[in-house]
Structures are given as structure tokens and as C-alpha cells.
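Chain naming follows the written order as A, B and C, and within any one chain the residues start at number 1.
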Amino acid sequence: MIYLDNSATTKPNPQVLDSFTKASTGFFGNASSIHGIGMDAERLLRKSREQAASLLEVNPNEIIFTSGGTEGNNLAIKGIALEHQNRGKHIITSAIEHPSVIETCQGLEALGFEVTYLDVDESGLVDIDNLKKEMREDTILVSIMHVNNEIGTIQPIKEIGEVVQSYPKAFFHVDHVQGYGKVPLNIQASHVDLCTISGHKIHGLKGTGVLYVKQTVKLFSLAHGGGQERRIRSGTENVAGIVSLVKAMRLAKEKQSELHKKLTNLKHTLMEQLQTLNRVVINTPKFASAPHIVNFSVRGLKPEVVIHALEDFEIFISTKSACSSKSADESAVLIACGKDRDIAISGLRVSMSYETTKEEVDYFFQKLTEVIKKLSEVMG
Amino acid sequence: MIYLDNSATTKPNPQVLDSFTKASTGFFGNASSIHGIGMDAERLLRKSREQAASLLEVNPNEIIFTSGGTEGNNLAIKGIALEHQNRGKHIITSAIEHPSVIETCQGLEALGFEVTYLDVDESGLVDIDNLKKEMREDTILVSIMHVNNEIGTIQPIKEIGEVVQSYPKAFFHVDHVQGYGKVPLNIQASHVDLCTISGHKIHGLKGTGVLYVKQTVKLFSLAHGGGQERRIRSGTENVAGIVSLVKAMRLAKEKQSELHKKLTNLKHTLMEQLQTLNRVVINTPKFASAPHIVNFSVRGLKPEVVIHALEDFEIFISTKSACSSKSADESAVLIACGKDRDIAISGLRVSMSYETTKEEVDYFFQKLTEVIKKLSEVMG
Amino acid sequence: MQYDHIVIRYGELTLKGRNRKLFTTQLAKNVRQALRNFPAIKVDKKRDRMYIVLNGEDPEAIMDRCQKIFGIQNMSVALKVENEETAIKEQALKLLTETENVRTFKVSTKRSNKEFPIGSQEFNQVLGGYLLSNIDGITVDVHQPDLEITVDIRSEATYLTSQKVPGAAGLPVGSSGKSLLLLSGGIDSPVAGYLTMKRGVQLEAIHFHSPPYTSERAKEKVLDLAEKLSFYGHSIKVHIVPFTALQQKIHREIPHGYSMTVMRRMMMRISEAVAEQEGILSLVTGESLGQVASQTMESMHAINAVTNYPVIRPLVAMDKDEIIRISEEIDMYDISIRPFEDCCTVFVPKQPKTKPKLEKVEQFEANIEFEPDIQEILSAIETVEIEAKDNQEEELGDLL
């Protein structure tokens, strides 16, 4: 099996799963219980929080454990909006955010908020001057993703952070789900107030994640209750899930620089090879893009058909993002990047992981070539 | 180890954990991915949903998988409030709900909603006539728990449902977290619109839960994004977690009637024994209470001290609920039941599971007797 | 209340004179088959009704399962009592006290056993009076009682039954021969299959699969639909036809306006050949008039021309709304709307001919050799037998 859909989800690292299992049985207590069994769980939770904080170079009390990227993004955006609506009701985001950001913003529009969706250029980049123009006195939040999940574009987070920084009423949220472990991000130096990470994108387990919330930032809680996680996210702590997440974060961080080198090479080779194919147009920008994602379109071929044809060789890639893959129409991200409709409806995404080898990528390319040739003959 | 804090959390059933591990590796795909690996995950997800639905005797599309009880309660209450605020802004709940209900309601008060907290009688029961009196034209939600987590009172859900039913604008939410697998509840016959279940209270894993949402009910989503779970709760589905939850639900349901008999006997024996002790006052009502919870106060003794003394014998019980156990003061539930302050500050809770044996309960009682005697001598 | 029997009443098939025995025998067979997961039960077939002797099995689960068996008009749970006044009284009292939420009741006696000493009118009074005097706060309501107790006094015993539950009606599957259903993943064809089964027909199904243009999910969807259908019979054989190469050839060789018509004709030819192999005498389709381009009168004419087999089209005169309503009722709609393409939408031409002419179609086909392709397809068909599974599949069931 050649699994090249790691931006949709990754295979859990066996070590991570092992930590989960051990913690589930050995530390099953409720971390809020005052007896020894609760205390053991609480101690493990505290250690996990400290380690997560040190990996992100932030304070332990800035770590809010969540159930994943979607919850993190929703909590950050709705939490700011509902808590600070008295200060203003204007939000800025980009046109190529993940649905968990875009749709959250649309949900808030239904509640009376105003949202500006920044245009991007053909590489998917947000323009800083444009951002400056759109910033207003009543802007309370800017939410921009670090690495785009469909085409891999890396946004200039630090520059954006500096702009937001000069508006004391505005908070800055970064969706770091596709970035963590692939592209370094300095949270504090970039003036980030809120930052989302998801476990299952980094060989952790589904149902786990972190939202970084700067100490001074207050959020309206989406999970009121027992007051866990700084009263921002109540609920009996999923200690085993948290332990597994932190382990996945550590392993990803340790491998990061090596991975970056390896995947960057694979990516460039693949992009060069793809360029030689008729009908193929590459959508991932050459510069300022993450090492693990290559997006391209095969003009005139339905992307699902290409995917199913590759499945015969046990190769798994995807159309746009998993979240929107079941709606047959065009990719909003590619449209926002100014691509023609026939390119925007035929996008394919290869996304690699630390396990991906050169042989796999070569084999994929060879089979893709064959598949395109065969399908093209039929479609005329 | 004699673990009698099963209302705080339970030990995961090894079979449940095993299903989780197997699904995590064998079905790691993103259920929304269109290729075969995604399809396998989706099929498993679908089967899980069908099984959950058949256990609850509802439709599969009425099952929304969540990260636990707190999320379920928040989603139900905030989801109704934010979605239907144009119809009215009045909510009714009781004074003895779990913090994830009470605090959510308080959070909504901050957003301009009005909340009525129904009084309860000395057994913790809500009064139906009182409810009828408080129902208004602008009441959009009634949220009442099935089984109280501190003292075990069972509310007359069916009667409440009938009252709410006669107000076409009002929805009915039931926090079934302590009830599932212990006390039967017929969701449809009781006219319940929303019903919360949590995995880790029934020997499942933390981070898992179900919110039943009747087909016709619309909620404001707290997790916008890819549109999973009927667009009510987006996010890459935690298939392994879901599988494990459904297994826990099945096992609990299968054991339910046997468990009910066994625990009811243990509970009555224990309550009779406790009655013979000086200083002890039983807070759990004799009738209309769940089989697994016995709450009592030892007048004049700090409950933490009793708990720690019992820990020397590897016996683990708790003060009130885990969620509020760290605030040293009185139990809001006991106060609401009209208990004196000295009883309300000294509540202790024994909560049993299917693993609890008669020998354990006897041993607990014996040690408790000793501990009380010893501590009383000191305290005078 | 511990009921010990379920009474099954036949309905329509009692009208069938000499064939009656055939039908009831088939029904008894179907009932036994459907209830094979309740090993303790016994099926006792009588001339005018059937009894399921429960022997301790759960009556509700059994009634649920029986609601999908065609040929049952209605059924009720029952308690068997000896033909003796006191015994009947005692058991009726027990039945009434142990049923929840009953404030009003009614007794109706049917005395087919004329040797029983008390007439039915009189026995209504006797039993009613006895119940009234033994339960507090209960009254008789002959119009809308909470509970109607039927006392059925027969030669061998008396049966006390409460409410009647409607069955699926129709004729027992297997009593009207066999047909081959052209099953796509859409809404229509499963409904057509269901309605045909309701007339007592056992089905096999044929599905056209075109990988990679159609996905495994599309195939799975069809198998899931077949499984739903199989609950109404015993099991359904599904013939999966590898259709890709032929579709590609049609796409290449036939003018695009006519490719749809030719494709459907190929499907008919292949279906007929499969039917012949399986000893099946007719085909079933989900066509209805005027829904899409291939369902005009001209189109139907051109497509039908390739077969002499009867083509059953149960939906031909139905509105879409009606079809959807049935689809929802039989629990197939949610499967049908799963968003995966089937082979018919793969090479949809921009402008299909809505009124294809038969001569022209025949002319286009005549220029090309299709027979070898069809023969190759027939030899490569994959057949799976889908059984009504009351339990989870092994592989996944283990996890859940």
C-alpha cells in the first residue's frame, strides 16, 4: 500500500497508540478526583501539558487540550467573537482557509458578525498590504492558516502577526494543523494569540488536539462545566488521548528537520516529473510551500476516476481535501487562486509523510503516467 | 483496590480498549476520503451508528458522535439557544444539574438569555406542577437530567416530556450520562428531543460520547467545518473512538437488567448498614434513585479526611462530583435538597459498577465504621 | 405478560382457492427462514391462520421481523388457554392487570367451537363483568378501548389476543416465480424490486459496474440495497457485470447522441442472457415515464426491442414523490442518496437523443461487432449471494 493522503489523515504511530493503551488502563482515574487514582491521572496530565508547552515554547497554562483541529478552530474563532463582541464585530480571514474556519465565520455572520475574506494571489498567498487596508477599529480577530491543506502554500505568519499586533483590540489566530512538524512556526515571535494543532495529522490519534491560548486572552467557552482547561474547555480530561497527542507532537518535532529535507527533495523531483506530462498542470506553488503537499490537475479527466484507477495499484491519493471531497464540484481554493474552472474541478493532491520513500513516489509517478494515458484514450 | 468512584469515571473494559486499538490501526482512514481506505473507515462508522441507534431505539441519523458528556450538554443547550433565539430566550433547567448544564445556562445568561432553575424537593425531585407554572410562551428549552450524579435521584422524564410536548416551541434535553446502562429510558416515548451520553461513565474511553438529536431538531453548530455528523458536529470522525463507544454501549445494555438487580441489592444493604451508624445521614433517596449511587454525610467530619483515611485500605470513594470536588465548600445539590449546611459540606459518594462485589461493599462498610470511630475520637 | 404465541392471519391469499395450500406452505417456509435466529420457536400452519409457538423467545423481536414477510395480513401476540370458563377468566384478568396504562377495555368473543357452552354475546358479558369486579378503577369502552381482549374459542383451545399489528400484505415471496432486477444505486430500482417481491416474486439482481469510473463505494451501495431487499425474501443473488470496456467501446464507436440508448440495449441483452442462464423468465426495471431522457416512450421502445422477455416496470406510472415515499418507508432512501456515481452517469453525452429512432440505433449497432464483448463480459460476471443478516457482519461485528 502506498498511502499518499497524509493531509487527510495519517496512520497512527504504534508508539503513540501504545502510550494511549497504557495510559487508558494505568491512569484511568478522573484527574479531578481527589483520591490517589485521580491524583495519578492529574500528575500525568500535568507532565503532558508541560511537555506540550515546551515543544511549542509557550507556558503550560497556555495549552488547552481539545478533540482536534475543527474544535480548536471553532473554539478560537467563536470564543473570541462571543466573548469580545462588545469591542467590535469584524473578523478577517482568507478565502482559502479550511472549512472549519470558513464555515465558522459564516456561522458567525448569521449571528450578526461581519467577515472579510481576503483574496489570495495565484500562489495562494495573502497580501500584507491588503490585510492592512482591511484592518478596522472594530476588527476583533484575524484568522489565517499557516499551511494550506490543499495546495501547501505557507502564509507569512510573522508579517501578519506584526500587522495585527498594532491593533490592540484584535486577536490573531493561526490554523497550524498542516504546519506542525512540517514547517517551523514561532508562536511568540509571530505574535500569535491562538494556534490550532490536530493529533491525527501528525501520526497521533483522532479525537485529540491542542489549542494554544495566550495567557491574557479570554474566550467564551464552548464547553462550560467542571472548569477544566482554564475554564475554557470543560469536561473530564481525556488523559490517555492527551498523553498520546503529546507523544505524537514530540516525535514529529524530533523528526522535523530531517523530514523537511527528505520531503522537499521528493516534492521537487515529483513536481519536475509531473511537469513533463501532457494535460498536467501543477497547482502547488514552487516557493513558499510546505514540503509534503503536491497538488496538480489533469485537464479533462475526472479526478475521482484517476483516484480509483490508481487504487488498482494500491496507491491512495485524494481530490482536494477530504472534507469537501464528496461534493463533486470545483475546489474553492483553486478558484481563489485564479485557476480556470477546468483546472479547479480536476485537482488531485499527493501528501506525504515520514514513511514515504523515493521508490513509492517513483512508482506513483509511473502508474499515474500509465493511468492518464489510458484514460485519455477513452475520453478522446 | 476497591474502586467505588464509578460516577466520576470507570475503568475501561479491556474489550472496549481492544476494539479501539484494532480500529485505530486497521481503519485509520479519513471516513470522508473517497478512496478505499476512507471507505473502510466510513463503513465501520456507518455500522457503529446503526448499532448505536438500535441500542437507543432511534434512527441512525439521530446519532451525533461527540467527545463526551460535557460537549453533548453544551451542544444541546447552546445549539438550541443560538439557533432558536428568535423564537424566545427562556430556558428551564433544575437546580441540581451537572455543572456542564448549569454553567452553560449561566454562560447563556451572559449572552442575554433568561434561565429558570427549578427547585427540587428533599429527594431531589423536580415538581411537575411547578414546571407547568414556569413554562412560558418564550420557553425554547427544558433541560433536565435523568439520574443525578451526586445523589442518584431519578427524575420523572416521561412526565416532564409530556409537559414540554404541549409547548410546540420548546425542546426537551435530557442529560442521560449517569442513567445509560443503569436506568432504562425510552427516548421516543418520553418525547425527548436531545439526549446526552458519555463513554467513560460506562466503561468506555474518555473523549467519546453521543448526543441524540431528533431528526427534525436544528442546532447552531459549535463545530462548523467539513459538515460531518449532519453538519451539527464537524471534524474528522474519531472512528476508533466511536467504535469503542458503541461497544461500551452494547456491553452496558446487555448487562443492564442483571446489573440493576445486583446493584439495587447492594445499595439497599449498604443503606441499611449506614443507617445504623452514628453521625451518618443518608442523602440518597430511598425511592426513585439509581441503583449505583449511595450518598451520605458524616456529620462533623471533613469528607476529604474520610476519603484519605479509606485510601489506606485501597478503598476509593469521593466527595460530591469530581467536577466540583476541588472547591472545598458545600454541595449545591445537597443545599438544593434542603439539607443543613453541616450535611451539605460533608457529603460522600459511593458509586458502584458491574465489577463491584458484595465482599467489597461489606469490606468498605467495615472500614468506614472503623474510620469514623477513629476520626470521631480525635475530632471529639 | 408472558405471551406464548403469535397468531398470523393470511389476508389476500385466502382468496386463491385451489392454490391456497401452495401459498400457505410457501409462507410457512418463509417465516421459518426469516426466524431462523430464534431456534426455540415452532411454526404451526393451519388452514386459515398460522401460529408461532414462542417457547420463550421474544415476541416483539419476532413481530418486528415478521413485518417484512409478504403474505401476512396482520398478527397479534396471544395466550393459549384451555377451553374452560374459569381458566379463560383468570388468564384474561392477568393479561389486563399486567398490561400498562389501561383504563378502559373491551371484550370480544369469537366462538367457532360451538361445543363451548356459553354463546359469544353472553360470554362478553360474563367475562367483562368478572374483570370489572376484580380490578379497581377500570371501565368498559366499546368504541376506543385502551385494550381490546379478543377471546377466540376454537376446537383445540382458546386464544386470548390483544391488539392487531398490520403485516406487509402481498403474496409470499417464492409463490410467483423468479425475476431479474436491474439494480442501480438510485432510488427507483430498489423500490421496483420491493414492489415486485410484494407480488410473491423471488428476485435476483444484476448490477453494471464500471471501475475506475464508478467506485467501490458505488458497488457497496448496491450490495447494501440488495441486503435491504433480501429481508423481504431469503437471500438475493447479485450478478456484478464488469461493464467498463464495453462502455468505453460504445463511447468510442457510437455517435454520442445515441450512446445512452445503445448502452441500455446492451444492458438488456446482457440481463436477458443472465436470466436465461439462471432459468429466470422476466426482467424488472425501475423505469418510469418521463423522468429522464432514457425514459421517454421512444426510448423505451428502442431499448425494449432487444428482448422478448417480459419487462416488469412497477413504477411506470408513478410520481417521483410516491416513489420516494415508498423508498423512505422501506428504509432504502438514505442508502440510495449516498453520493456515488453509477455507470449510467459515467459518459453522459451533452445532448442525448430524447427520441431515439429504432432503425437508426440498429443501423449504428450493425456496423460494429459487439457480440464478442458481450460474451467476454458474461464469462467475467461476479456473483455474490446476499443474505438477510440479522446480526453484524463477522469482521466488523467483532469490533462493535
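Here is the rule we use: contacts are C-beta pairs under 8 Å (C-beta built on N, C-alpha and C of every residue); 3 or more make two chains touch, one makes a residue touch a chain.
It should be emphasised that the depicted structure is a prediction, and the values quoted were computed from it without experimental measurement.
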item: Pair of chains whose C-beta contact count is the highest in the structure; value: A-B
item: Nearest-to-centre chain - CA centroid comparison; value: B
item: For subunit B paired with subunit C, centre-to-centre distance based on mean C-alpha positions, whole Å; value: 41
item: Whole-Å gap between the CA centroids of subunit A and subunit B; value: 33
item: Whole-Å separation of chain centres (CA-atom averages), subunit A against subunit C; value: 47
item: Multi-chain contact sites of subunit A, meaning residues that touch two or more partners; value: 304, 307-308, 311, 326
item: Residues of subunit C whose C-beta touches two or more other chains; value: 215-216
item: Subunit C contact footprint on subunit A (complex, rising order); value: 302, 304-309, 311-312, 326-328, 375, 378, 380
item: Residues of subunit B touching subunit A in the complex; value: 1, 3, 5, 8-12, 14, 17, 21, 24-25, 28-30, 32-38, 67-71, 73-74, 78, 82, 98-100, 103-104, 106-107, 111, 198, 200, 205-208, 220-228, 234-241, 304, 307-308, 311, 316-319, 321-326
item: Complex interface listing, subunit C residues touching subunit B; value: 215-217, 220, 334, 392-393, 396, 399-400
item: Parts of subunit C lying in touch with subunit A, wherever the complex brings them together; value: 211-216, 248, 251-252, 339, 341
item: List of subunit B residues in touch with subunit C within their complex; value: 19, 22-23, 34, 36, 39, 42-44, 47-48, 51, 60-61, 243, 246-247, 250
